[in-house]
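Next up: some structures, all given as structure tokens.
Two complexes come next, and they have one chain in common, chain A, joined by chain B in the first and chain C in the second.
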Partner chain A sequence: MTNRLSVEDVSFSYGRKEVLDRISFTAENGIVALLGNNGAGKTTLMNVLTGLKRPQAGRMTLNGSDVLGANTYPIEQVGYLPQHFDVYPNITGYDFLSFVYDLKKGTRADKKKQIDELVERFHLQSVIHKNVRHYSGGFKRRLGIAQAVLGYPPLIIIDEPTVGLDPEQRIEFRKHLSDMSRESITLISTHIIEDVELFSDQIIVLKDRSIVFDGSVDEIIGMSRSNIHVVETTRERLPELAERVTVIEEKRIDHDTIRVKYIGGEAVEASEFDKEITLENAYVYLQKR
Partner chain B sequence: MPTILFYVKVATKNALFVLTMLFVLFFTYNVYPSLQTAVNTFVSFYVFSMIGFHLFLITIATYVMQRNESDVLRYLERNPVKKQFQFLTASMIVSLAVALVPVTLMVLLTNELTSSAFLWKEIAHFVIIWLLSSLLAAVIGSSVSMLVKSKFAYVVSLVIYGLFVWMSFQLPTTPLHRYMNPFDNNMYLRPNHLSGVLWNVDYVFDKIFLLLIVVLLLSFVAFSVSVSSKGKWTGLVTFVVALVSLWLLPSFSPIAPVSSKADSTGADHVPYSIETYEMDVTLTNTLRNTATLTFHVTEPTEAVRLRLDDVFSIEEVEVNGEKVSFTHEDGILDLAVKRDVGEPLVVTVQYEGVVELIDSIGFSTYYVTKRAINLPGVYFDWYPTVESNDPIHFEVDVHSSAPLYSNLDSSEPGHWSGVATSVNVFAGQYESFHSDGVTFIIPTSVRPDAFIARFQSFVDETIKKGRFTERERSILEEKTYERVIVAIWPFQANEHLIEIVGDTMFVYYDE
Partner chain C sequence: MLMFTYKNDKDVTSSAQRVFDKGHKKLITTYAIVSALLIIVIFLPVRSDYLPLIRGGGQLTLSDSLYDYVVPLVTALLLFWVLFHDYKNNVYELLTFYTNRRWNVMLFRRVMTYVVPMTIGSFVTGLIYFRNVSFLDVDHVLLSLRYVPNVLFVSALLLAVTVYAKNSYAGLFVVLTYVATDFLSGSRLFSIVSLGANANNFYYAISPEYYMLNRVTLFCASVGLFYVACKRSTRL
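And now, the complex of A and B:
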């Protein structure tokens, strides 16, 4: 089944300080990456879309149903994993998943089967019957994903999923991301591009309270390609170059050679190198232009 | 229900609950011997165990409600009012489970003289106190933590709860004092610890008061945290209704304080005396009496004044078979009746009333129930009488389902007669035994050997204090009393703890 999310003109302010300005986008099944620097409004947008904050204006519909305007926010339709996943420490992971399942009003007949499936899928077997206080950061994150996916909701919202994880745990998370059901819309907000680069179907970039890009990975890269240049320079000459252009990537080739990607400024020597533009390059271009 | 069971796990799967249970068990072990006296004695000693358990409930309630600082829990448990109700239900389940410890001991170890019917009533009474006071503690903890979103909530909760604890250790001199004590309701009848009344109107008021406090707190929270206007209005209206009800309830308390025995009927000397006295008394949960007094008029009079407590409502008064008008206030029944010397004067008074009177410090004193009765006529005007020490001939028909004891002699079942200065009636779980030619009638919760030992010592002390009349001293020293009955009266009425009426001695004794 194809699910459809529509966010229309969502605005939010803290008092007089405007944080979100008429945010609008649509999404269907797949992974939607919401990118933006710290303070861009990603977490606020997540809070609004999960009903934890009430917007001053705007609407969110999921498969045609108004989510934000409902009497009771449909948590069975929207799974949520916040940046800080903190639950009752003296409860086992199984008890917590059982609790979440009941809150999402799942049927009793399917409860054990669903929970066992998720325990296996996210490799929680060794800890699921232990108290959550004994979980490592990685296991906590997996438990968090499992509770968000529980009930197989059409929309899953994940806020900064890899903050605080070590590189190995981040790689593991990306693997779980790819395992997530293709039958739901997974909206992930992050400022760590490499976490979503491989698997994102849609990229939304947030800057200065608004969306500055909404499209595919290929589109954002294509859009930025002609504006990103590559040159090699030395370590000694790098500072001088940086004064003339906006450097967006530095990559060490050998002891004294650095390949630099830059935007804007006075053109330097013509690039003779393949412009391997990454998503991160394109994202930085959007942020800095 | 599953989410409620989840909160039960959250509440109990921690070290604090284990420590609390150890404290409850320790305290139960220390006070269980009091079950040999009576269950209500055990319950009165058990208050510290209740307080310990309540401190646990307040702490865990504050902790659980403040977990909504966590984003995922705030998302999942997004209706704080609903969460509070679910947690309170979980608290009641935990409370009921913990109550099994003392209840089991009550069933196994209580005074074997307790009737099984009364035992289960007392267990029900304890469970009601336990659950209601636990609910109050959990509501205080959870409500405060929803309003005070910091660790300071623990302090505020404890201060509010502490107010109730403090009130429970004050003497219950007013209905408000009694109602504010969540650990007891002073419904037990001294000295009938094994047959005290449990469920009467004031008992219900006592419980309603605590429930209103619970409703008050919950509605205030609902008003404060609800985002919908409907929720806010519901909370506000409920809060106002609860507040007004709380303010009004104590003034409707049906329990009356003992009025001091009415001052003299207004004359140093009354121009009439009672020759004979007939009564037809029915004692159930009310006292209903038709009293017929035959007077001897010694001087011309234009009024007859009799003493009868204000707790009674007089239905009609007849003089020589004809209805007359009367006034009854401040314990005096006033009849405008003209009589000359020697003219016949027969007064019949028909009246009824609920006798549940407490003394100045809030403890039961005079009472009439189906199972327990304390009517010391020497102190309490429960029948129309005059101020006189002259003995009267009494003929009393009495109807009661409880075995009765009196200073009068029972010539046949349900009938007493004799010459005495007053009629005193008692009932409850009494037992009768003989010692040195004297019949002792004492409550079954009192140990006979302990009573005899104490009785002899304070008779001796009382004689030494020398505050008796010559006749009374003679009776005490020569032990010419034939009967000793345990009774209760206001302490200030007679600090000697002994009262002699004819050949009967009444002893104030309360364990």
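And now, the complex of A and C:
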């Protein structure tokens, strides 16, 4: 089933300080990456979408139903993994999943089957009956994602999914996210571009309280391609170049040669190099333009 | 939709108990405290001339401090233990997500699981404490009932500060400071919201109206603090 999320004109402020200004976007099944620098309002938007903060204005509908205006936030319809996920240290992972399943009003008949399914899917078999205090960061994160997926909600919201994980665990976690996103809208807030580069279906970039881009990875790269230039220079000439343009990437080619990607004005000199623009380059361009 | 009406949902009640109080350790501790209190008052009842002494304006600080200060403080320490991991490990973030957005019934039920036995325990053991003064009459019930606002107020204060500060230590610090300064100042510092209205004999030393105002204020403040804490904890 294709799910549809619609966020319309959501605004949020702390007193007079405006944090989100009329945020609107729509999304369907797949990974939706919410990118933005620290302080751009990502976590606040996540908190608003999960009902943890009440917006001053705006609406959010999931498959046609009003989510934020409902009497009770539909926790059966939305899975959530906060950035700082933790559980009581003296309970087992199984007890925790069982509790969350009951809160989500799952049927008693499917409880064991569904928990066992997720335990297997997220490779938690070796620890699920141990107290959470014995879990490594990776196991804890997987337990977190399992509780979010319990009940197979149409919308899953994940804040900074790979914070605190080592590189190997991050690769594994990205694979889990990719699997999940086939059946649901998986909204991920992150400032680590690498996390979403491979699997994202939709990129939303937040800057200065508003959305400055909403589209696919190809679109964001295409949009920035003509504005990003590549040149090779020497280490001695690099400071001079940096004074004239905004350097967004430097790559050492050999002892003295540096290949530089930059934005700002026309190309400094004709470039013979293939312009391989990454999502990170495009993102930095959007932030700096 | 009543998401956390536990009495209608045995599954949630049962799994919540496993998560919040594995092995009933906290509940067993609560009953152990009440039992210890019971043993203390069985062997150390209040002196039989209690009423004539306070009517004469005397202050039986030692006799009344057990219920004015010690029992409320122990209840607050128990609540600190109950809520400790919520705020130490950011568990509260996820619990808030799973909470009804209008009023945090889950938190209220968790707190009341310990506050109610402590309050009833305080009242019942109070009856036994005052058995030499009066027995199974109105005076007997009133003597014991007058300590109830203290247990409720200290518990509500700890809960409210903890929820607003999102920090268990903040709640404990405020309660310890309040109880200690109130006790050491002989109830002069907080007067109308003092815990020591019985220990400092407000009824006869000041006036019955002042004493009643103190008790009613503490009770109403407790209800208010429980309400705002459970309301505030529905959002981050």
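Convention: the second predicted complex is superposed on the first by the 285 of 289 C-alpha atoms of A that agree within 3 Å, B and C clash if a C-alpha of one lies under 4 Å from a C-alpha of the other, contacts with A are read in each partner's own complex, and residues count from 1 in each chain.
Throughout what follows, contacts are C-beta pairs under 8 Å (C-beta built on N, C-alpha and C of every residue); 3 or more make two chains touch, one makes a residue touch a chain.
No experiment lies behind these values; they were computed from the predicted model shown.
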**Asked** chain A superposed: clash or fit between chain B and chain C?
**Response** clash
**Request:** Could you say whether A:Lys53 touches chain B, chain C, both of them, or neither, answering first, second, both or neither?
**Result:** second
**Message:** If we overlay the two complexes on their shared chain A, which of chain B and chain C does A:Asp86 touch? Say first, second, both or neither.
**Reply:** both
**Request:** Pick one for A:Phe99: touches chain B only (first), chain C only (second), both, or neither.
**Result:** both
**Asked** Thinking of the overlay built on chain A, is A:Gly36 touched by chain B (first), by chain C (second), by both, or by neither?
**Response** neither
**Item:** Partner chain(s) touched by A:Tyr73 [first = chain B, second = chain C, both, neither]
**Value:** both
**chain B collision site on chain C, chosen from 189-197, 207-215 or 225-233, when both complexes are overlaid on chain A** = 225-233
**Fill in**
Residues on chain A touched by both chain B and chain C 50-52, 54, 72-73, 75, 80, 82, 84-88, 90-91, 95, 98-100, 102-103, 147
**Prompt:** Once bound in the complex, which stretches of chain C touch chain A?
**Reply:** 1, 3, 9, 11-12, 15-16, 18-20, 22, 85, 89-91, 93-94, 96-98, 100-102, 235-236
**Complete:** Per the touch rule, the chain A residues reaching chain B in their complex are 50-52, 54, 72-73, 75, 80-88, 90-91, 95, 98-100, 102-103, 131, 144, 147
**Prompt:** What does chain B use to touch chain A in their complex?
**Reply:** 2-3, 6, 9-10, 13-14, 67, 70-79, 227
**Asked** What residues on chain A touch chain C, complex-wise?
**Response** 47, 50-54, 71-73, 75, 80, 82, 84-91, 95-96, 98-103, 105, 108, 147
